[in-house]
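Chain naming follows the written order as A, B, C, D, E and F, and within any one chain the residues start at number 1.
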Amino acid sequence: MKEYFIDLSKFMMANSSFEESDGVIFSVPYDGTTSFKPGTREGGNAIRISSWGLETYSPILDRDLSELKYCDLKDLDLYGNQEEIFNTVYSVSKEILKEGKKIIVFGGEHSITYPIVKAVKDVYKDIIVIQFDAHCDLRDEYLGNKLSHACVMRRIYELTKHIFQFGIRSGDREEWKFAKKNNIYLKMDLMNKDDLKYIIELDKPIYLTIDIDVLDPAYAPGTGTPEPCGFSTKELLNSLYLLKKVKDKIVGFDIVEVSPIYDPANITAITAAKIVRELMLMIL
Amino acid sequence: MKEYFIDLSKFMMANSSFEESDGVIFSVPYDGTTSFKPGTREGGNAIRISSWGLETYSPILDRDLSELKYCDLKDLDLYGNQEEIFNTVYSVSKEILKEGKKIIVFGGEHSITYPIVKAVKDVYKDIIVIQFDAHCDLRDEYLGNKLSHACVMRRIYELTKHIFQFGIRSGDREEWKFAKKNNIYLKMDLMNKDDLKYIIELDKPIYLTIDIDVLDPAYAPGTGTPEPCGFSTKELLNSLYLLKKVKDKIVGFDIVEVSPIYDPANITAITAAKIVRELMLMIL
Amino acid sequence: MKEYFIDLSKFMMANSSFEESDGVIFSVPYDGTTSFKPGTREGGNAIRISSWGLETYSPILDRDLSELKYCDLKDLDLYGNQEEIFNTVYSVSKEILKEGKKIIVFGGEHSITYPIVKAVKDVYKDIIVIQFDAHCDLRDEYLGNKLSHACVMRRIYELTKHIFQFGIRSGDREEWKFAKKNNIYLKMDLMNKDDLKYIIELDKPIYLTIDIDVLDPAYAPGTGTPEPCGFSTKELLNSLYLLKKVKDKIVGFDIVEVSPIYDPANITAITAAKIVRELMLMIL
Amino acid sequence: MKEYFIDLSKFMMANSSFEESDGVIFSVPYDGTTSFKPGTREGGNAIRISSWGLETYSPILDRDLSELKYCDLKDLDLYGNQEEIFNTVYSVSKEILKEGKKIIVFGGEHSITYPIVKAVKDVYKDIIVIQFDAHCDLRDEYLGNKLSHACVMRRIYELTKHIFQFGIRSGDREEWKFAKKNNIYLKMDLMNKDDLKYIIELDKPIYLTIDIDVLDPAYAPGTGTPEPCGFSTKELLNSLYLLKKVKDKIVGFDIVEVSPIYDPANITAITAAKIVRELMLMIL
Amino acid sequence: MKEYFIDLSKFMMANSSFEESDGVIFSVPYDGTTSFKPGTREGGNAIRISSWGLETYSPILDRDLSELKYCDLKDLDLYGNQEEIFNTVYSVSKEILKEGKKIIVFGGEHSITYPIVKAVKDVYKDIIVIQFDAHCDLRDEYLGNKLSHACVMRRIYELTKHIFQFGIRSGDREEWKFAKKNNIYLKMDLMNKDDLKYIIELDKPIYLTIDIDVLDPAYAPGTGTPEPCGFSTKELLNSLYLLKKVKDKIVGFDIVEVSPIYDPANITAITAAKIVRELMLMIL
Amino acid sequence: MKEYFIDLSKFMMANSSFEESDGVIFSVPYDGTTSFKPGTREGGNAIRISSWGLETYSPILDRDLSELKYCDLKDLDLYGNQEEIFNTVYSVSKEILKEGKKIIVFGGEHSITYPIVKAVKDVYKDIIVIQFDAHCDLRDEYLGNKLSHACVMRRIYELTKHIFQFGIRSGDREEWKFAKKNNIYLKMDLMNKDDLKYIIELDKPIYLTIDIDVLDPAYAPGTGTPEPCGFSTKELLNSLYLLKKVKDKIVGFDIVEVSPIYDPANITAITAAKIVRELMLMIL
């Protein structure tokens, strides 16, 4: 019977078995620390469904998803408090990475990047984390929580000093001071060729985290804390295409903060899906 | 890895294999003849996702979905024109029915009931079709199409004279004349105990088709042709509970015309999901 | 060329010329005094477009719109301040009524009923006004305006003492006192057979005004000041069907306060359209 | 300057100082354990804003809000994890109750009722809790959390055995067993006069908790876990009006689970606001 | 009476009779082959209604719609299957063109362009077709249909080899191969002055087809298959203004794929209306 | 008790008393002359609520709202007809300005700028008005009203000849003629350094009025008359940052035409809030 049916709830073309996959998609439907507008828990499935409105072929990369091997494990089944949930995210990520597979994670809110990076570090030791985001997320704690979405890069900074932040246009004064004081590579603009040079020179495994709010709210209205004065999708992708030079170094990426309830025409989800397609076509 | 993940895109608890299943869910994402407001193609997946907001246990029936064996084949992969698509619906339905399994189908528009009933008839020969609907759907053709959603009961009437129509409050004059002239069992009210007697007496396999617009638009706004002056969900379910008396006779049912784009708070989808749960708990 | 095209922006079947019409539809896209949520200016066109989702035949009245003669003049072209606009409403209404035609008016807000009733009175002298509404609208002035939607029945009471108010469940204390003191026929319930007797006895021309918010917000969410604890569409229509006994006395009616921007699934507009269809089938 | 301005973000007529108030409104914008659809954190402010679309006068109770003395403290400023937040809810509630004032709390999700009831118990010792809800909320734990919204009545049952549950139509099998085994007063129907007798006989201080999902999704679409087959607003209010007999016993109430993002026409919020108005007119 | 009323359902200023018109607007409410998100059938009327929010004067072209002569025939009344419908589109288009009038067509989905171009070819013989679109629409067949929206340019290529495709950023690998192999003028960028030279040199009648999804989803969210990385409205209009040089050669244009149900703030429709205004001011 | 609560209905950080404030925020919930899509009356509160999604710190200006002293008086309590309302706006504005405080006003529709500018003129005599807008608003009257939103700059021109209009891309022919004839400084582009020179040279108190529709509908969908081909938020802010050079001259500003009912993801309101934050950080 299977041949008559189609499962539109997987990311398109995710037809390989786990074993044969070079890339493994899963989502973390967690928005427990979201302070402004909740709803990112449904982001992963929105990206999956929207992916079917795109082609599998990228004319810019001249590659097709049918050439890749990847699977989609769907939503992590959350249980317990934030610590327990993050332990699961960590374990699952590590297990996948240890088998030499690349991970592609859909949020959920940005806090989930921390346990993933922890797993990446434990597997790859010395790593680079590249972030595209409107917010620097460098608070030491937020509303009494050290694992808040607003603190994620601060926690990651404790794992690796090699963090690169692009598109940043929001944060409180303390965060900017912290970045300056610690010489963190924080730019209001997107990554350009000169920025990439530093990354190339470091010559380390790279994990990439994309908060969809790096885009302007016009391009990505469906997100928890939209921040005006952002970038267009074309600008973001042109910056990401630069990473082709280090594509073999990239061991995984996430795309977080897609919030379908604030995305009435689904343009945020389909934009996230296109970014995922292009990145998968680059790194797998 | 599987144990860490959950697939929210299946109807809840649809965990059995096809082989061991007593009931088989699938959906037909077809709205090609819809004349007023399209969008029912996404109805099946909306019902699935919404089901997770319900409990698996029904206090009225004192039964739990975990006691049943059923699977969910997801969306039929449509290809070709209406005739080709309907051939597939027919073949798939027949194949399932022939193995003695009951079918549970999510629309899509109401026209899809025709190939299903054709399969039911071919397997079970002499059958009863019970319809809950706002519209009698007895046109001979509509906008030049004999397989339009507006003609589905007319076509079915050509398959079996044992049709029972409940909740009907809309149709053109010709349809009402046709019903009267042919002594069709058509009622503006829902099925009551007296109506059921006739059905019991016939003592034949029963197929049940529920157009969600039998409910008032207040209860089911998300549908293609909402018709005011309908019923509440409680009234509909109380009528359906009467079918417990003939539950072994029921070989399948469909629920059609759920249109998520007109269902901003998802109440239509969750209402459909509850009807599905209660019917499955009754007939499986 | 005309025969190939259809104008979905008229109320369905409004195909007669003005001259041959027994009934004349027009709308007044005015919401200038709306105090809570504006938007009823677009109500008329929403009713028109939604009408195409209904059948032209009423099984309850066993009549079809194709048997009637009526036209649809569309939106009044508003110009000037409230007084000037109301003068135009008055003149247009009077001109239609003087030719012995019945008027069917779509709001806009409820204040527009005043100039219509003034025209009705000037043509028919001694008249009855029957109102279905959640609010008594008996304030002497509201926010400094004597022609506010909240004052419309007070102004009409100055034109005729024969007012009947049904479904009323909201007003300030002064309004209820005024109604009691002046022995106004105000009921929280809908009109029943006993109420109708008084109307029949008076034996005068009748104008009917329906504020869609007489329905519960579940049935008519798209309105300016939704008031919980209202009626279902079925209850309202059953009450209106009683008017068949005085159908020849009814010289016109309006339906007001439909607000499409708060009606995401269009159920309020289609409900209003069905009420219009049933009333036209009764009085034309 | 103050006299020229109006603050539409308070519940209407909440013009008394804290000191002179007999009733104190506040809201708890917490939805941290919400498992299905988040967003109730914004419920309180939606109720406030919607209240301005209602009159201050109730024709049924023949009382006006202007006769009462109450204030609105707005949103509790949340900080820390669930335990810390609940401690604040507890302290604030207790402080208000200790001054002999009645509390009116807007959710947020249902879990917030637990710390309130704890405060009520600590101040009034032996108390009755009456719940109107679609769900029995009697789980011992949910997703690893004993303070989940799905466990609130189980926790409250540990504080007082005098709990009355009305409108209940959903729960898992264990919850229904627990209720039966412990002789909990759980009814699928709303409270009637006979039910009230038991409450009167107990002759104890009463706290009332209303989950808006006791209403049918048609009447209250904007909620986290809508459950079909519920009640109309009129049915609910008619049941609540019975409490006039024990109005002096009622020391406070909450209304929870209003979720504005799923309430596109705001009818859920305005319905909640009307319930609040009627209850305040009864108990203050 | 007519002078008191306004018909907001026509494109603004479409006040000429068919006979005296230089341009004729009509719409084709067809979305029967739409594979992803249906709803473009309502696109034409959304463009019409939105046009009233614009001025009739263009400061860039320094021309006013009041200087033009055009009429609006509204929606084609669809009947029958796709072939029959397309025959009607063809006949109507041809009849208008034969009288030397220019045609302005609102979709519906993109497939409708095929019968229009067929009519243009039959009247004008050797023609140029310029397309602005995100998708190349060069598939030979799609889901078993050779007349699918995804095949429209392939079919048109069979009518004329003079096709120019601009803004293209999506298609499957076969389509790009086909374009390359056949030397089709396909560009990812919009038309610039150099591109125009080729068009001018050809010196033939021009038909222009604009798929609104050539714009980025930020600018045109309301469309069937939004494709990220598109253009701004300003960029598109600046490209279209170049056509002033060949304005007398342009015999008509269409604008397709506007889908109001995914356009909650109507910005897609108003953007389409502005494009229509500017093009009419250029070519009529 | 106050310390436990937060009032999210004020613009963030508006914690100073009126007396100690250097800037005073208030809103005018008036949309009485709106001709196309009403709803801007709720714009002010939408801006306030959205402000809480932003940081208080601006990395570009390196200033924090906590360094400023300002209060928020909330909504003006409207009463009477347009003239009476405008008198109140005038009086309140004047009273604030006379105490040397700067005013920050949220619309409502654009017509409200006239009484504010009248107050500014009466206090500061010879003034400059800088407008950012899609529409020139230079009509002498509109729909019979000289105080319409479409006439506001014409009325202001009668108060001062020093008006500067930027971003203008819409108006009728007469308006453009009037501007040309009277040498009004009207530009289709945003203000650049050269434009600023003229303003600096004039050396007069400046009032700034920003109609949110100067932005493209992609960036500000939630407005009464969206006009395609506008600017991005980044472009607008970069132009506004130029005003730092004359920041001490600026005595107030307004931001008008935010319409939350057409702003489903709230991006218009949050964009307006960011503009307000940046301007306050510049001028207070």
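The rule we apply is simple: a residue touches a chain if its C-beta (ideal position, glycine included) is under 8 Å from a C-beta of that chain, and two chains touch if they have at least 3 such contacts.
If you're wondering where the values come from, they're calculated on a predicted model, not measured in any experiment.
Undergrad: Look at all chain centres (mean of CA atoms) and spot the one farthest from the centre of chain D.
TA: E
Undergrad: Check the residue numbers that chain A and chain E use where they touch, and answer same if over half are used by both copies, otherwise different.
TA: Under half shared, hence different.
Undergrad: Rounded to the nearest whole Å, what is the centre-to-centre distance of chain A and chain F, using the mean of the C-alpha atoms as each centre?
TA: 38
Undergrad: Centroid of chain A to centroid of chain C, CA atoms only: how many Å?
TA: 55
Undergrad: Centre to centre, by mean C-alpha position, how many angstrom separate chain C and chain E?
TA: Centre separation, chain C to chain E: 41 Å.
Undergrad: Among the residues of chain B, which ones contact at least 2 other chains?
TA: 216, 218, 262, 264
Undergrad: So which chains end up touching which?
TA: A-B, A-D, A-E, A-F, B-C, B-D, B-E, C-D, C-E, C-F, D-F, E-F
Undergrad: What part of chain F is in contact with chain C in the complex they form?
TA: 31-32, 34, 38-39, 41, 78-81, 84, 143-145, 261-262
Undergrad: In the complex formed with chain D, which residues of chain F make contact?
TA: 1-2, 4-9, 18, 26, 45, 49, 73-77, 88, 91-92, 95-96
Undergrad: In the complex of these two chains, what residues of chain F are touching chain A?
TA: That would be residues 52-57, 59-60, 64, 216, 218-219, 232-234, 237, 264-267, 270-271, 274 of chain F.
Undergrad: Show which residues of chain E lie in contact with chain A when the two form their complex.
TA: 36-37, 168-173, 176, 188, 216-218, 221-222, 225-230, 262-264
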